[in-house]
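For clarity, chains are labelled A, B, C and D in written order, and residue numbers in each chain start from 1.
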Amino acid sequence: MSAPDRIRASVVGATGYTGAELLRLLLGHPRVDVTFVGGHAKAGEPIARVLPSLRGILDGLVEAFDAGAVAARADVAFCALPHGASAPIVQALRERSVVTLDLSADFRLRDADAYRTWYGEHGAGALFGHAVYGLPELHREELRTADLVAVPGCYPTASTLAVAPLLASDLVSPDGIVIDAKSGVSGAGRSPSAGTHFTETSEGVRAYKIAGAHRHTPEIEQELSAIARRPVRVTFTPHLVPMSRGILATAYAHAKSDAVDAARCTEAARALYAGSPSVVVLEPGACPDTLWVRGSNRAHVAYSVDARTRLVVAQCTLDNLVKGAAGQAVQCMNLRFGRDEGEGLEGAAMFP
Amino acid sequence: MSAPDRIRASVVGATGYTGAELLRLLLGHPRVDVTFVGGHAKAGEPIARVLPSLRGILDGLVEAFDAGAVAARADVAFCALPHGASAPIVQALRERSVVTLDLSADFRLRDADAYRTWYGEHGAGALFGHAVYGLPELHREELRTADLVAVPGCYPTASTLAVAPLLASDLVSPDGIVIDAKSGVSGAGRSPSAGTHFTETSEGVRAYKIAGAHRHTPEIEQELSAIARRPVRVTFTPHLVPMSRGILATAYAHAKSDAVDAARCTEAARALYAGSPSVVVLEPGACPDTLWVRGSNRAHVAYSVDARTRLVVAQCTLDNLVKGAAGQAVQCMNLRFGRDEGEGLEGAAMFP
Amino acid sequence: MSAPDRIRASVVGATGYTGAELLRLLLGHPRVDVTFVGGHAKAGEPIARVLPSLRGILDGLVEAFDAGAVAARADVAFCALPHGASAPIVQALRERSVVTLDLSADFRLRDADAYRTWYGEHGAGALFGHAVYGLPELHREELRTADLVAVPGCYPTASTLAVAPLLASDLVSPDGIVIDAKSGVSGAGRSPSAGTHFTETSEGVRAYKIAGAHRHTPEIEQELSAIARRPVRVTFTPHLVPMSRGILATAYAHAKSDAVDAARCTEAARALYAGSPSVVVLEPGACPDTLWVRGSNRAHVAYSVDARTRLVVAQCTLDNLVKGAAGQAVQCMNLRFGRDEGEGLEGAAMFP
Amino acid sequence: MSAPDRIRASVVGATGYTGAELLRLLLGHPRVDVTFVGGHAKAGEPIARVLPSLRGILDGLVEAFDAGAVAARADVAFCALPHGASAPIVQALRERSVVTLDLSADFRLRDADAYRTWYGEHGAGALFGHAVYGLPELHREELRTADLVAVPGCYPTASTLAVAPLLASDLVSPDGIVIDAKSGVSGAGRSPSAGTHFTETSEGVRAYKIAGAHRHTPEIEQELSAIARRPVRVTFTPHLVPMSRGILATAYAHAKSDAVDAARCTEAARALYAGSPSVVVLEPGACPDTLWVRGSNRAHVAYSVDARTRLVVAQCTLDNLVKGAAGQAVQCMNLRFGRDEGEGLEGAAMFP
């Protein structure tokens, strides 16, 4: 397939933070035309009132979802909807042959039992299991022809990018991996709640959904198990940190031998991520800061080894709304439409 | 002059926040090649170590300033240096005919006495008064041919954009104007100090250099006096707010008559800023938020009138590092090199 | 009246931020026993679940309001309820002779027309106008015998404390006073909303209810008019700053003569606040920081004069939940019950 | 020994954050008189200028250290100095029989080799190993007669309190314990640095001194080994979070059997901390928030078990400047002087 000169893109669920970030990136993409901006509760309102960062940039109204209209106007649809709500809309789009990038959890798991356990009944059973997991660093080739992409979220992306090289190069035991993740508040979405009220979030840090309770756990395990070619169980603990954007995953894994040091882990990552424009492997022993990737589509990974305990400490930072959501989806779109993987995603982080 | 296809740009003083922002914008500009990255204390270090947000984006080393090298490699120089330090470097660049955009205060004032009063002796006397003030909304035509541009900083830009339409349309008295400005901490630069230490900045708000003590006062008065065609004195009070980026200037001015309402002020702004892609005039009575412009080159202005006291409340928000510094400089470069004023500056704000 | 050895205190509306702060202060007061903790929506829940800062400190359940129970168990009631909701509860408490400190706006205004204009119909008409305004620095003597106290909120306290000395000593014109106030987010209460969602509050600053629209305006004018002995109109503009606690009011007033300098303004404040343990008058030209009073019942005031424009810049900082609400109410209680005004309120600010 | 009616207290190194917090707590303590406020660089300056939160509260000047003066005026000295600088001062105080509470690391380790490895040569060799470790929950009885107390810092306190009950009750393996700690910025002290500059700290999270490089590691291991009665090695990873105060330690340990659940871990903590007024054991599965303990001397601990991986997740939150420093020192003083352990430390957290 030759790359089209222009890609007509629609965003369904554009009024939340992921939607806003999709619009920011798509409007800045040199080959994309945004042709549909969808939202449910805000349908009929001016886009720039709902997203004031687009004042003077994007005119027009938020539209109610209409699969026919999207199919008529767009080559590709980005769905930034809550899990459960997404599946039927994805189904309607796929029935009309729209290439669909789903940012919800609805199509990420390949095991129907696991989906049922963690989420309940699926709303688009026929499509279940037919999506390609939208992590380009691990699924690049499949993504080039994928009509339905399940774009992973922030925690699985950060966790998987940190640990995958260690398993791929057989440097650590697949047992006993601990992932302690720290997230900014935008990951909780745009709906106000007690837990994201400024005064109860600022100046505090806390864990939530600990001890295996977070729904991203099976997704992380699915991807790491595939890399390790045997079942991997992780203890995943998310924390909320008083900042708007950014994720740091600090992962702990048992080195398989005394010969595993930071340099070898770093080499393993450089090998795995060679040719991946969105992953920067830092020097051995580095400590990446989420501030260095804020607003960019880059993930920074770095490796240390605690020689006293033989634990490998793997870190990954990314912007949860970019490489952990919208940017990653655009990256998948680029692959699917034959463009350079990083097109429109080259922007440096906003520092500070 | 026809617009060149490519512009070769150098940044002198690239390792501070304004320098970092210049690099972010210039690297994303479709017509610019960055050919020189200068810094004094960090000369010889890898750029990406000094500015980790450029890891994986910009290789090479920070170079010590060398006017000849800059002149050989670049069409334009951006100087992001402290006042006083800038003047001799600007002089050296101008002697070699490099178009120079100076982001310091060294060439902003046109009155030599005022410069002496507020800053002391000038380090490049021959050039003093020969720069064009780099506020495109007020000096667009002169900027098209300016070889030396004095790019205004964040406070004067926000203050002037807010108040200028009111004076231009003779809606308010030029006497008794109060400007109460609130700035993020990046305006204080990258050098650590007690006043910008996290723990003494977070969770607090304070004024500083009040009651006419801030050096940006004469600059604001120079521009507003030119607009008003008579001397204008303002009471300017800057405040430090616990956020990294953003400025909100809240200005208070006495309406000349009862007929002055928010709608008329808004019309005056729409008239003055017609054709200015970087200024968005909000609807009457709106309250702009710095969050809506963070990372973008846009200023939002809005007007209200307190009918009980006949005071006009004019507000302007912008990102102090973009429209208040680096973005504005790029905007001036575009004008000077015959490009579209907003080229490379279209990006939406990072929200949230 | 001799001071009682113990004061039995009840808090009605204890589950919001002002209620939490009342409990923190009352539990630390050497003469107070907290005998009733009331809340509407949370009635029946353990106090320490609703207010986890009281885990291990205060057992017992939140109780639904019951005027009889309060009257039986308490000498004094603190009502921390929304305006409108407070009036009937205050009335029920007063009918049972409970000394009542009302932290809502319901009894602060003395002009019934003004109340109607700004708030609508009053829910306890017979009591309207019978409260003493709970600003001890201006109404100390009346408060010693007040059975109903209308405790002012954060904006009026900060604004009035800043400007009152200037009017009391006839140093400034009562016309054209501008008050630009910056508040932390806790002033908006504990109910989540779009405007206080972390991600739309952090890293941004904005004004709201500008140009005379904020309901605290008439209260400020009432108190300043009384001091000035003639009607005073102010332009009051509140701003939201990304921090949890603290208010800075920056007020601008026209000096009556060239002889008015920072020293004279400071003397005027020292004279007015002599004997006021909660007000600290800083040296002329100082810039107080809200960080210096966070968690304490102290207000810091400071004065500067812009000699170029003859504007006095008066500043006041305080903690909106302490001197701007709960601490001020306890201060009033101390006066009413014959205790030292600052008893239980001596604590230093939490710095940083 | 009968408890003295008044305790005369001195603070050496009063001008940093721990010193400020010591003064806040000591000034609020019903039995303490502060008789000496020492500081090196700020000697001769008014205390209230150096610590503006004490304006109107504490007059007098910062004094240069003078062991004789301290001995003449004070029963007890709190030393809040950097490690290395503390040892000779402690020695001088002990030679004059002043009960000394040292908040530095100089006397915390009992193994001289370990001290040398992690810190270098010791400055007061004769006293080395003669201090009691000032964690009242584990060393209460020894502290009642201790003339030299080595008060542990924030990380060891949080880490030890979280894990100790699990080892004391033999519920987890002493091998492979991972402690992932998140700290506010005040832990880094009051001296400005690039790493604590507002703009490079706000809106970012990062690890530092990872993989066994942090000097608090041997201290944690010393205390946990004593509890476990066998050598314990931990992988300790500190992280910097954009908030001023608070520490959350999230610890991961391998359950010894399937029978170990959150309830049993919680019981173990309740047993160990019975009689400890400063530790609150939350219900099984709870997630404590540092916001709930900010400004208080309480630690909150909570336990969960990931049944899928048999990892126990132990959490502890505390305020690094209070229970992690100044408050803990006052708690030790109370024990040493026969007072109630929690006297003067009852205050609830400042919420929000």
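Quick notes on this structure:
Methods note: a residue touches a chain if its C-beta (ideal position, glycine included) is under 8 Å from a C-beta of that chain, and two chains touch if they have at least 3 such contacts.
Small disclaimer: the values here were computed from a predicted structure and weren't measured.
Steps from chain A to chain C, minimised over paths through touching chains, total 1. Summarising the inter-chain layout, the chain whose CA centre lies farthest from the centre of chain B is D. With centres taken as mean Cα positions, chain D sits 35 Å from chain C.
Computed centre separation for the pair chain B/chain C is 39 angstrom, with centres defined by C-alpha atoms.
Averaging C-alpha coordinates per chain places the centre of chain B 46 Å away from that of chain D. Contact with two or more other chains is made by residues 17, 186, 199-200, 202-203, 242-245, 289, 291-292, 294, 352 of chain B.
For chain C in complex with chain A, the touching residues are 17, 185-186, 190, 192-194, 196-203, 242-244. Contacts from chain C toward chain D in the complex involve residues 17, 20, 23-24, 27-28, 30, 51-58, 186, 202-203, 244-245, 277, 280, 282, 289, 291-296, 298, 300, 346-352. Of all residues in chain A, those touching chain D in their complex are 176, 178, 180, 182, 184, 199-200, 202-208, 210-212, 233-235, 237, 239, 241-246, 248, 250, 252, 254, 262, 285, 287-292, 294, 304-309, 311, 313, 315, 317, 352.
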